[in-house]
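Chain naming follows the written order as A, B, C and D, and within any one chain the residues start at number 1.
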Amino acid sequence: MRTLKTIAAAGALATGLGAAAEAQETVTIAALYNLTGGMSSIDAPALNGALLHAALINEAGGLLDGTVMLEVVGIDTKTDQQETATAAQQALSMDNLVAGIGYGDTTFVLAAAPAFQEAGIPFVTSGATHPMLPTWVGDHMFMTAFGDDDQSYAIADYAYDTLGLRRVAVWTDDSMDFTRALSTFFRERFVERGGELVGDDFFMMGDTDFSAQIARLQAIDPAPDGVFVSAIPGEAGLSVKQIREAGITYPIVSGDGFDTELVSTVPGPDLANDVFFSSHTYRADDRQVVSDFVAAYEEEYGRPPENAFSPLGYDAIGLVAEAIEAAGSTEPSAIRDALAGIRDYEAVTGMISYTRETMVPPKPVAIIEVQGGEFTLLETWFPDEVE
Amino acid sequence: MTSYLLQQIVNGLILGSMYALVAIGFSMIYGIVRLINFAHGDIAMIGAFTALAVMIVAGLPLPVVILAVLVVGAAMGLAIEFVAFRPLRGAPQVNGFITSLAVSILIQNVAILLLTAEPRGVAFPAFLSERIPGLPINIDLVDILIVVLAVALMLGLVTIVNRTRLGMAMRATAENLDVARLMGINVSRTIMAAFAIGSALAGIAGLMWSARYGQIDPIMGFLPGLKAFVAAVIGGVGSIPGAMLGGYLLGLAEVLFVGLLPPEYAGYRDAFVFGTLILVLLVLPNGLMGRAAEDRA
Amino acid sequence: MLEIGGAQVWRGQTHVLHGIDLAVAEGEIVALIGANGAGKTTVLMTICGLLRPRQGAVRYRAAGSSEPVDLARLTPEAIVGQGIALCPEGRQVFASLSVRENLMIGAYLRRDRAAIAADLDHVVSRFPILGERARQPAGSLSGGEQMMLAIGRSLMSRPRLLLLDEPSLGLAPQIVEAIFDILSDINEAGTTMLLVEQNASMALELAHRAYVMETGRVTLSGRAQDLADNPEIRRAYLGAA
Amino acid sequence: MTGTTRGWLLAAGLTALGAAAVWAATASLNNYLLTLIAFAGINVMLAVSLSLSNGLTGLFSLGHPAFMMVGGYIAAILTFPANRKGFMLPDLPEWLAAQQWPLLPALLVGGAVAGLAAIMAGFPVLRLRGHYLAVATLGLIFILRAVVNNLDGYTRGALGLSGIPKLTDLWWVYAWVVITLFVCWRIKHSSLGRTMMAMRENEMAAACMGVPLARTRLMAFAIGAVFAGIAGGLWAHLVTNLTPTSLGVFLAFQLVVMVVLGGQGSLAGAALAAIGLSAIANLLRPVEQSTGIYGMTQIVVALVLIGVLIFRPQGLFGSREPGVLMRRPESSAPSRTAASTQTTHLEQRGST
């Protein structure tokens, strides 16, 4: 954290010194995240990723041939929607604001992004994945991640085709929109492919005890081939641990909520087996951008990225920077247009192009396997070509 | 179906053991100073992180871990009592309630600053998760240890409260603080003892939590704390046996609601739990084992 | 042994004692009589340290010491340690504790096990019913039995000065007789007493000296016998025509 | 007579002054500050209305967010654009789906339904006392959350209602703050208010004097809930997004904090505490952002709270209202007595 501050200060200093030589400006990107409260384990890593990327860009000389420096202002909205609405207005009152980024959860994006839309400032959500977001909010709303439909389809296809699962039970965190949407799309695709759903079960965010669901899972006769667990990182490791401890050995499949070390550390290497999930293409990926990102993150924070939300935060800044370069301007409207025109931006979490009518980027989806606590990239799934 | 039911009941008892340990502290402290200490759940969190530090980082064996958690929990309880609640004695009750909320927010946010909000996996020795062989249902060694340790601690507490001079002083103080002082009882010391014992038990509950679920984070104490408070109220706030009973009932109710309701209604679990709670209170307005309410908050 | 000088005491916002002067000598039974709300209980609470005078002093000479201590500076528990015990109004036994525990808690500050056991036997021999009911919760005793328990409990601290607040309140006349007889015995065994009573005739019969309080002030004092003969007292407190 | 006239003049003067301030604010301040002020105003409404039950009547309710949720969802469903209602909320009955109301009637209906909900919930729940009541009202939040979360077709479930028209502005908030303050003030200084305070001081004595306990309790609870419902409606049309977790336990705690900090039963105190707390939190915001120490705001607010309660245990104003606002010394006398008896009553069984 300290280094980041220094870099930011150095950037600001460079701005001040350079002002005499040529017109150099520092533009502000507001980063709205729940840094305290219930959502903080998802959002805090995303802000870390964002701050890191801005610092790296400034360190490398800024944007538009060194005339533009980035300043990312993180705003804590305390897992509280009133704070979110206030923070959005605070962000919009900032000088030199060019864009907003933020949030790993749709419901908070929906409390903040409409204000940006109204003010004509682009808002890039780093982690929210509801495929209707840009439709609901408007033309200033951009997504860094893929849509829940894509990631659910990817893992459903993999479960059906490669794992050969035919009868699957579905567990859903009933308290979150993200997890409910993920399950809905999974069910849809899995049945469409010819699979059978043999049980639906639910839990709530914050639950730690899945014994009742496990007992019900064990009571399904004949036993399913696998279980789809739609959870966020907080419950991912817990559910795997308890399912495996109960002696259930068939595959556990999920989406990017499982993209966390907790899936390995909570059950421990003996139990963290046969877990398959779809996620952003960065984990266990050997592309250069990925290894650079992971190395920089470890150097900065002294630990590997906590979960998929940190590279997504990193990429959200990347998208804004790319748009500034493409627009050749720091005008928010120009940046918005440039964002909409982004094609094949190589982000840490995969190629991003806004080609769909829904403005959900058709990103490749990584299928990751966990065996003995180790994460391996199995294959990369590409969404159906549209348009 | 019977083994299914049995499994649910066992699971409820394990969860209930942890609720009960936290609830006891609520009731002990309430019984003596008429204070609902909302920071109590956060002491469980501190217990869990103490376990992590002592066991994983320092690599010490389990008995040392348990001892360390007891000591740190008690010390936290004393510190909170000294800094936040002692200056408030004699003030309206609701002030204590608010102060304890403030302390809870303080602890959580300091913990987030120091430890980050990210949950951590805690790897306890693998033998703890060994399944007990030869049973029709699934029970791990750690589950047995949790229940046994919880019951042992509760028996120990009951012995302290019923058989020792300190326990007698605590009961007398809880019943009538002024007359207790007239007997020469040092009420301050009695209150400190209640905070220390209650907090040590909450710390152990946090340790158990991390041993069973293997994952801890700085705000993990809030929800179990809230539920343990509910458990203490069901039992009759102020009554130690009531808190134990309430803890087990709540643990069972939670697991059984999820286990016996059709999955479609699982989302209504909290509604059912709280609905039942309200019903229980309507029939027994002072909880299962509470005395007539003497105070208003 | 006890001397209160010019004590001004407030309870919350209310000024209750407007400068009280009162003394109790070693070996005496002193009665404090007066109507409801005259401030009698407040005097006892001030002695015990539950209330503190805003002005004035509460001096007490402990056993074997020549220097008096100011009780207003001590905590209630320290005052108990000085050898003062209060048997509170309405008995206030610990209802959920057993009879034996109630007695034992009276000896809370004492460490001399053998002597405590001896005193316990002594109290039980004085109140045999407490021995019979030793294991019962105190809340299950009758009013008279609870009064005996409360007196027994305060004796367990081996007080030199025993403060009694309305020991006759709510009890049947025969029981009051019995209790007052026992109080007289206890006094003869060497315990000084300050007795607050509404039942002025009983109190004046038992006491050596007495004070009469009205609205927070001492209005009369003297030998109990003289007061009992005082026509004004007779009319106001003894129900004589 | 003159006293009353003076009071009315003072009230009218203050209202006009406030209106001038609102006008000046809307003309000169940016949206951020306007939003802050609007939220502070909503919190004032909530704290003042909660002090009817928690402060004046001595009921310990944590249920305000539940009634906000009721009012907020009802109002939002009523104002929601009819053309989007059909596919977003498919289970709504035809006649309801076709409606698209302006804000005022929607707020009123929301408040009324919240009041009804409070009466229905209050019948059983208000028989409880102290912490038992606190837990039961806390339960109302969880019960309602579960219901809203699962009635997808009416509420859009966990996703929440988004795209609620942004109809709330500072004028709306100001008008409702004035109404709330006026109504609660009148209640406090009416026979109903005196009845409430009598109950708080000594329930049995109040019952002996013929106070209908159950009805008074229910009144305090329900009137508070009506304003909570309206405040919920204003909230929803300010944030433009309402989810089952938007209004929760933490808010309930915050509101109780405001009431206690203001002084139990002091309306002005509750209002000032509401404003003060938001002010502190938002003044610290830039510091937090420039240092990167997130969580500092909460830590500082918690410390301030502990400090205030230690050094001013009776809250900012006790049960009284600030002297300027009282019409005459005589008329303030009853409430002063109430304040003093309250201290004695609430005194914990003394330990020093």
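The criterion applied here is as follows: a contact is a pair of C-beta atoms (placed from the backbone, for glycine too) under 8 Å apart; a residue touches a chain by one contact, two chains touch by 3 or more.
It should be emphasised that the depicted structure is a prediction, and the values quoted were computed from it without experimental measurement.
The most central chain, judged by the distance from its Cα centroid to the centroid of all protein Cα atoms shown, is B.
Greatest Cα centroid separation from chain D: this falls to C.
The pair with more inter-chain C-beta contacts, choosing from B-C and A-B, is A-B. As a whole-number value, the distance joining the C-alpha centres of chain B and chain C reads 42 Å. A separation of 75 Å divides the Cα centre of chain A from that of chain C. Chain A and chain B, compared by their mean Cα positions, are separated by 36 Å. Chain geometry summary: the mean Cα position of chain B and that of chain D are 32 Å apart. Multi-chain contact residues, meaning those touching two or more other chains, occur in chain A at positions 35-37, 44, 174-175.
Looking at chain B, one finds that residues 108-109, 112, 176, 178, 181, 187, 267, 269-270 touch two or more other chains. Residue positions of chain D with contacts to 2 or more other chains are 149-150, 294-295, 298, 347, 350, 352. Those residues of chain C that touch chain B in the shared complex are 48-50, 75-77, 80-81, 85-86, 88, 92, 94-97, 101, 104-106, 108-109, 153, 157. Listing the residues of chain B that touch chain C in their complex gives 165, 168-169, 171-172, 175-176, 178-187.
Contact residues on chain B toward chain D in their complex (touch as defined above): 30, 33-34, 36, 83-84, 87-95, 97-99, 101-103, 105-106, 108-110, 112-113, 176-178, 181, 187-188, 191, 226, 229-230, 233, 237, 267-271, 273-275, 277-278, 281-282, 285-287, 293, 295-297. Within the complex formed with chain B, the residues of chain A that make contact are 35-38, 40-41, 44-45, 174-175, 199-204, 206, 208-209, 211-213, 215-216, 218-219, 233-234, 237-238, 241-242, 245-247, 261-262, 264-268, 270-271, 306-307.
Residues 1, 4-5, 35-37, 44, 73-76, 78, 80-82, 84-86, 89-90, 92-93, 106-107, 110-111, 114-115, 118, 130, 136, 174-177, 180-181 of chain A are the ones that touch chain D when the two sit in their complex.
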